[in-house]
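Order of writing sets the chain letters: A, B, C and D. Residues in each chain are counted from 1.
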Amino acid sequence: MAYSAEKLIEEKVFKDPVHRYVHVRDRAIWDLIGTKEFQRLRRIKQLGTTFLTFHGAEHSRFNHSLGVYEIVRRIIDDVFAGRPEWNDDDRLLTLCAALLHDLGHGPFSHSFEKVFDFDHEDFTRKIILGETEVNEILLKVGPDFPAKVAEVIAKTSEKKLVISLISSQIDADRMDYLQRDAYFTGVSYGHFDMERILRVMRPREDQVVIKKSGMHAVEDYIMSRYQMYWQVYFHPVSRSAEVILTKILHRAKQLFEENYAFKYEPLHFTSIFHGQVTLEDYLKLDESVILYYFQIWQEEEDAILRDLCRRFVNRNLFKFAEFDPAKEYKKLAELNSLFKKAGIDPEYYLVVDSSSDLPYDFYRPGEEEERLPIHLLMKNGDLRELSRESEIVDAISGKRRTDHKLYYPADFLRDDSTKKNVKKQIRALLEIE
Amino acid sequence: MAYSAEKLIEEKVFKDPVHRYVHVRDRAIWDLIGTKEFQRLRRIKQLGTTFLTFHGAEHSRFNHSLGVYEIVRRIIDDVFAGRPEWNDDDRLLTLCAALLHDLGHGPFSHSFEKVFDFDHEDFTRKIILGETEVNEILLKVGPDFPAKVAEVIAKTSEKKLVISLISSQIDADRMDYLQRDAYFTGVSYGHFDMERILRVMRPREDQVVIKKSGMHAVEDYIMSRYQMYWQVYFHPVSRSAEVILTKILHRAKQLFEENYAFKYEPLHFTSIFHGQVTLEDYLKLDESVILYYFQIWQEEEDAILRDLCRRFVNRNLFKFAEFDPAKEYKKLAELNSLFKKAGIDPEYYLVVDSSSDLPYDFYRPGEEEERLPIHLLMKNGDLRELSRESEIVDAISGKRRTDHKLYYPADFLRDDSTKKNVKKQIRALLEIE
Amino acid sequence: MAYSAEKLIEEKVFKDPVHRYVHVRDRAIWDLIGTKEFQRLRRIKQLGTTFLTFHGAEHSRFNHSLGVYEIVRRIIDDVFAGRPEWNDDDRLLTLCAALLHDLGHGPFSHSFEKVFDFDHEDFTRKIILGETEVNEILLKVGPDFPAKVAEVIAKTSEKKLVISLISSQIDADRMDYLQRDAYFTGVSYGHFDMERILRVMRPREDQVVIKKSGMHAVEDYIMSRYQMYWQVYFHPVSRSAEVILTKILHRAKQLFEENYAFKYEPLHFTSIFHGQVTLEDYLKLDESVILYYFQIWQEEEDAILRDLCRRFVNRNLFKFAEFDPAKEYKKLAELNSLFKKAGIDPEYYLVVDSSSDLPYDFYRPGEEEERLPIHLLMKNGDLRELSRESEIVDAISGKRRTDHKLYYPADFLRDDSTKKNVKKQIRALLEIE
Amino acid sequence: MAYSAEKLIEEKVFKDPVHRYVHVRDRAIWDLIGTKEFQRLRRIKQLGTTFLTFHGAEHSRFNHSLGVYEIVRRIIDDVFAGRPEWNDDDRLLTLCAALLHDLGHGPFSHSFEKVFDFDHEDFTRKIILGETEVNEILLKVGPDFPAKVAEVIAKTSEKKLVISLISSQIDADRMDYLQRDAYFTGVSYGHFDMERILRVMRPREDQVVIKKSGMHAVEDYIMSRYQMYWQVYFHPVSRSAEVILTKILHRAKQLFEENYAFKYEPLHFTSIFHGQVTLEDYLKLDESVILYYFQIWQEEEDAILRDLCRRFVNRNLFKFAEFDPAKEYKKLAELNSLFKKAGIDPEYYLVVDSSSDLPYDFYRPGEEEERLPIHLLMKNGDLRELSRESEIVDAISGKRRTDHKLYYPADFLRDDSTKKNVKKQIRALLEIE
């Protein structure tokens, strides 16, 4: 039997707190889950530093990847199968792309991407196409199968319908993470009627559309997404931890470039610091490795690296103030120079962090972050863009919301054993105490 | 104001997926949560290797510790407060003991305790009494307060009632972990009506008793516990991962004792291998550190250490067979010698693992594992031991259940490139293929 | 001891699926629940005809009334108690008003109010002030206590803060029914973080305000309300049942006025038909009585009454079409005359039903349906109207949404045994078949 | 197309709070749901008088019947379909039997069956075979189809496998009601992992068996059942309401036999009182009719009927005491005569009520209430009776538990305006006050 059609003798089942069970019948999917590249996702948290704010958010990308796979499997097997617009030959391709879409994520991706100019999507492609166990499995399906999977994930495939199942404004990825992150954090947002949405999804030539009767479930989903962004993903305390994490990486890189003598050689970082990380090196990275270094760096000579690592490991985070860049740039400059006077390096200890989100948007061709809109399938067979039917969605459509915060170490600023007056000035400006 | 009575200006709240919210008003509790020794519990999973079976079980002991604290807080503040049998002077002591009861847990405690003869309860005591941030906070309450807290946790305190809130057959510890582990694994066991149980708890001189009207909720709790033990805690696949983990530690220790030249010096293990771990060294251990070593040991020269680490990291576990030690000891001996013939060291690759549990027991003085029974408070004020009133509990009371499994590497045994015939014999004995 | 301060020896607890438990300690509350007027609410469904669409929605107003009481009790006892802005002397008044706020609801209130020009709020007042068991209990608290309770419910009391707990845009009434109706119907809307909202409610002189930090929970609540209105309360199938119910009452009234000889004398309706219903008669009405009549009226001579009753009892409802009164009034007139030609009385069988809702509004003095806005309590103590802070709420604020449907008996129109051609014309106009 | 194979153009979906959705594709099922006999189940509560104890328990048998249908549909379509042991020709028969199994239930069945010697199973058969809309639909499937459905429900069919899906110790009926009743009452019992059980069900020639790997889920189900019986179904307060209800029917019957002149003629009861109820009369009965009579009987001349009806309608129930018939029969006799002396008719006001349940039993041929045991399907294909594998089930297997209570009107006994001394004696014997 062709490997692509091979089924497990007995279906395998993963107990999943969000979808109850994840079901696997395809040999290829089972084998992919068993690869070391996929197992590595167990050691990378889905929400990075968020567990320092919501202590339940300790779940991994392994969890989420299985979840996305399961949602796509249900759409294909329970809803699309048998419909003329759906080509079941795309089934395995879609399942593999769903399972592997986050494969290239490294530890604390966001910060690493910022500091080292990584691109996790690039690594996903490399893992799928490179000399890996994942590639080996995919090749068994067909010689061009790895490339096909990579193209779907990169959204360059011609199979637009398959892409829209995995990456669109209402895709399996978002539906899984909203529910999963809500479950593990314990927040009451993030709930919507996914079962309903799945039932009203319909395949069209180049996209998944939603039957009009499911519009309200989609509205609910969009509102959930909005709330999760502002209540969880952009929570200012998690961003504080991420600011520190980013600054640790910055500092370590800078020290390395200055030929600083690390007490313990940062072997796992060498090629990264050199800007020439190989796939092999990249795959060795995970959050246990990073946390290992952060722990030993707590004993480093360099005061800044040591302090930042201690802050991160022991959760002694920066405090924050609202900040309006348009109006307060002068104040920021002033703080900057006061920090220097106080002997607190502002490059590491005075940080503006900005978060921004667009809850939903219709198609605005040519604009950055071009988004494919959600289309409703009307009773008469026409398609209508969601915001034209939904008053709620119309009301928030295209409205970008941005939040700026200024982070600083309140404990340092309250320590009056040195530079008492300068610190007092700083505190006055920041309105603390 | 005395530190022990100091309250936070604004109550702090942790979002908790199990108890919805964890509330902190006491300055001392807040400060304890902020210590590095307590934050370290974030880096130790509550269920060790269980996440390799139930992928949701990635939650930490930090989570659980907050949960136990919250349950005790509710009992004290919502149920006991104002009752003559309860002395509110014991409040802070009880809360601190609840929060800190697992403080001494190291990474993958069970395996470490087995291989290195550690005792996590001993380390809890040392952290509370030693030179730590936790000790510093506790001392602020009173010079003998750290000792008092340690005594409650060690069950040597004279405050039997306080002890029974934290360690008994129906304590806050068990009530939290059953629910929490059920939540994160996603299993449907582990649910019982804790709110009801809390409402019917009553303080007596030396123990917490349960009003008769709450008996059925307690039955349900005992059945939940039973199911969680056999469905989750003793799951044979998790035990497989633990067998491998234990064997890794064994192997590393043995290599160290044989002066094996590690490619990367296992600095964090040196004092452990010497059997002289200090508190400082112990506190540096957590699961990111252990996983770091397991990852680098995948590249070690020693084939056994390398193989076992790869198995653990990439989840390539041992398979298992039912095993009856009373009847099958001869078969085991035979397998042992066949493994040797096949060139597979049975010390590391043929392992009997036994799990055993007693769902509930009444008081059997003098027996090992002496347990305090649960007492029901009858309408007339009498106390009756639970199994005398509950038929269900009576039916299972004192019935120990034990399960033995034999673990082996099925992939090795199926590799017929060497020792084909011996392996065939082994497979026949193990009834695999 | 004063009756108003009397507590039950042992707290009484109702198991509630929505709030887990409803707790009663006050003697007066316990006694009120035991009155026959309050017990009567068990025989009146919370959602009228909705159970014919959502079969789970069989819960009664008794359920809901306990729920509103419990929410108010938690706000007062857990959040407001001890705050200087809250006068605990108002506690019992508030609890009683919460418990009794829906006391005057009759069976299928909406339809009865429409046909007989009843006002359930008026009956609430009469029950509280009249010769009832409820009045007797309230009098025990004080001679003017019944009047005070009635004034709070009627919103004429000077105690604006108390009123706003029970009737405002974010009151205990709405918070209970949204959650309760979601629970019993099983829809996934209707969930919001009530526990969070309760925690951030603060008493002010004349209203309950919400701490700014709880704004997102309030947004979620407003969105839940929006979804519940359009997904559940205004569901077109429930409205079909209500249209029929209303027409049954119409018909019976008309027959009565025409001195039609009922097979079974409608004793319970006599005073209602005469437009002179007494409190005593009103209290005898409940849904079992109404359903009893609908059942026996299935055997009446009058074809319309008989048919409508059979439709209601056996759930053979009218179908519906979208209807735009502005554009389609001519079509309606045409249908009207065609119905007459077809021998189907359009007064009973061709019905336009309109539903309309305003999801949230800020204060627009002088307008009909004047609404008190929700105010946020900022960190600096200022109050800000919700829609000025929340983009989401601002987007939907003041936007009334209205839906019109045209109801008709599809089975009649498809019965071609008579008036074949006319019916064909009607079907063409209604675009059915 | 044969009616039995006819599918709806678009699947119909009922929102169900327990199973999320109930799915209907078969024309015959859809038509059966629309019959007036099936719709009548909306007016009969699933749990009779339990709503007077657990206010949420207002759900109807209509709810439950849809739920049983849905569970059976999932077993057949998702688990059994395609397995050689399952004959898909039995599909529609099984679905119809599942949907209609409770069709003959009347209002407050338990009490009616007791007083009037009804048998709801007999009425189910009559409705299916008699001149009803249900019969008409079933005949469309085939001339002997109604009889086949009736035989499955009556357990006389030769299709043992089909029967065991609907009536066995682990059937769809029990699985639905345990979960549904738990949901609506809000108790925390009644939860078990049905999805798991469904997945491990396997068809055998004459029964449904359970794969060994699902044993713990079955244990949990049996424990849930046990708790639901004792915590909900046999709750002493619900039994008090049922005692009163039964006594109302008794009294009315006796008055009728004594030619008592009812103020309002009890038309709906005439044929029942005569012991000659017809199917047509039976189908006119539902709980709204019964409650209607109870309400008007509150105004009857007869003091006992009047009092009992007022108690029921206004929930002024009897109190109860533990009662041991073996030891306390003398006391009962004494109470009996004292009640007579006190002028309180013991036939109506001193009632012993007994509840009894057997949580699980293996096969005991020839014994009353012969039960088919649950069989586990072992890996090697053997079947093993559940209690031989499960220690928990073995522990409770065959252990009947019985509870006796003595019900009396405490208010009467406390009214010292008459027969003060006798009442004092009674109170002393009952240990009240």
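Rule of thumb we're sticking to: a contact is a pair of C-beta atoms (placed from the backbone, for glycine too) under 8 Å apart; a residue touches a chain by one contact, two chains touch by 3 or more.
Just so it is clear, the model here is predicted, and its values are computed rather than measured.
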{"item": "Chain at maximum distance from chain D, centres defined as averaged CA atoms", "value": "A"}
{"item": "Chain pair with the higher count of C-beta pairs in contact (B-C, B-D)", "value": "B-D"}
{"item": "Chain centre separation in whole Å, for chain C relative to chain B (CA means)", "value": "52"}
{"item": "Distance between chain centroids, defined by C-alpha means - chain B, chain D (Å)", "value": "44"}
{"item": "In chain C, residues with contacts to at least two other chains", "value": "20, 187"}
{"item": "Chain D partner contacts - residues on chain A that touch it in the complex", "value": "13, 20-21, 195, 199"}
{"item": "Footprint of chain B on chain A - complex, ascending", "value": "14-18, 20, 34-36, 39, 42-43, 51-52, 54-56, 58-60, 62-63, 66, 183-187, 284, 286-292, 295, 310, 313-316"}
{"item": "Of all residues in chain C, those that touch chain A in their complex", "value": "187-189, 191-193, 196, 216-217, 219-220, 223, 226-227, 230-231, 391-392, 395-396, 399, 401"}
